[in-house]
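Handing you a structure now.
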């Protein structure tokens, strides 16, 4: 139990008459890279947003490192959790450096510490400080913006990272590159827990230590990629894998 | 109040009609110029935007000052008033027209071109109908604002409801001020309603109603 | 032309006085309108109902000519500099208010969500994100207000507040072209100049803020 970073217990969420999440329980161990896979409306984004309380559950308990998140000060909780979204949400009026330094500045770090942290992070996401720190977001490509988004989320060294389809809006080649990078970053940063929402099956199985497949507000299967492929537990997962196999056979046929 | 109307309604109605005439001539002139500008600069956004900026500068000249500056050129009276009012509405019309046209989904224009339409066909068959909403709102906006500004034209003997207002001011007569204001507001509302009906009718014919 | 030079030679101090009166009146009116308009705009942005009320009422206000507003106010507040000021503030608030509301509403929801997700409290969100992003719109409101004020300050002459309008009215009364040109010209320059300055500031401030997230 001491190793559990995120723990959902019987979470329920409805919007109006619609049930988005139905009695959801799962556990994530510290240091794991979890991908949450599902189509739109499956509740995957809602699940993610409940971790940093952008969405509040109707019932149930969510624990982070064994502590109920409702008992943690909201602002403190959020500063301990990195958050990256598809639309990136870089602040358009701030330079790259200021964007990354947002949380350190909120935390009142001194200037030299903040600057060296920014440099370190820009190196991590492979955008040299000298060249990019003074630019504004609109002077960067989509892929570069997203890497700055990741760097910003990592700034205050959060133990948990939430990523909501971060690479959904970039082209296929850039996406592949970014996937490799995020995997490397996770390995380099030893011990950080990543929760990564996606609707791209390849992405989910490539990145995840474990994949959580969601359908209509419930977990369809939650296991390592290998185990899921070896024995799919539900019809939904079987169908999902079948579409992949079909694609594969198409490519083979064309060769 | 009512007594004043009974005694002087011919004068008030005359002022109202003068006002209406002044505003109508100005908006028609402005509309004609706007169409010419938009048509000739259809493929040159730079021209349109610099022209719009030029007119926005003219728009920012206070009407008093504008009248004052034009008097040595075009004298006292209706001509000067029409020039100033047309220039003011020109800015509003150009701005709303060009944003209306810019808002059209570029893929629609592209597919129209792809079907082999000429620039003029694209304009009359696609851009103009699709921008008609903004065009109508532009005309309404322009009318409302020049109906107000036209009151000031009374100072240069162009007639209109401004004569009633300034008269009231000179003689400290609240009744005249209130009648002048009420009729101006009445004119605004009426023209808005009429334009709104025309707009509804046109949009229905174009099947653009939502 | 010679008449204009002559005027400046003999009435230079009077001209300066009118000019200063005009600018002073405009600036004070703008300042008061800002103090009232911007916070009101922020409140409207936070409460939809308030915003609706203000937007509708300023639209109604639009169709009343500013001349009428000024005139109707006379019996209520009298003649002189203070009533002129009140009338000008009244005319200047709507553009500032509407554009402030617009500026805050234009902030993308995702930007606010991310800022909250990074752990900003509502004060920090306001100071670091909302206000800086709304500034170009607020400045645009200031521009429109200022143009409106400078124009209407001419009418203020009518209720005894002095200013450059005096020159225009005297010019009209005596049919003196030189006075018309001096008065009209100065007001025009004043108006164009303030518009130009504010446009420069707006361009500078919003240079790097083009929409990028879509």
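All chains are identified by letter, namely A, B and C, in their written order; residue positions are counted from 1 within each chain.
The working rule: a residue touches a chain if its C-beta (ideal position, glycine included) is under 8 Å from a C-beta of that chain, and two chains touch if they have at least 3 such contacts.
Keep in mind that this is a model prediction, so the values were computed, not measured.
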Most central chain, judged by mean C-alpha position against the global CA mean: C
Farthest chain from subunit A, going by the mean of C-alpha atoms per chain? B
Using mean CA coordinates as chain centres, what's the gap between subunit B and subunit C in Å? 22
Find the geometric centre of each of subunit A and subunit B from their Cα atoms only, then give the gap between the two centres in Å, rounded to an integer. 54
Subunit A and subunit C have mean C-alpha positions lying a whole-number Å distance apart equal to 47
Across the complex, what residues on subunit C touch subunit B? 62-68, 71-72, 74-75, 147, 150-152, 154-155, 158, 165, 168-169, 171-172, 177, 180-181, 183-188, 191-192, 195
Once bound in the complex, which stretches of subunit B touch subunit C? 56-57, 60-69, 71-72, 144-145, 147-149, 151-152, 155-156, 162, 165, 168-169, 174, 177-178, 180-181, 184-185, 188-189, 192
Could you please specify the touching residues of subunit A with respect to subunit C in the complex? 52, 54, 75-81, 83, 85, 87-93, 102-103, 106, 136-139, 145, 152-153, 162
Going by the contact rule set out above, which residues of subunit C touch subunit A in the complex? 108, 110-111, 113-121, 124, 128-129, 132-133, 208-214
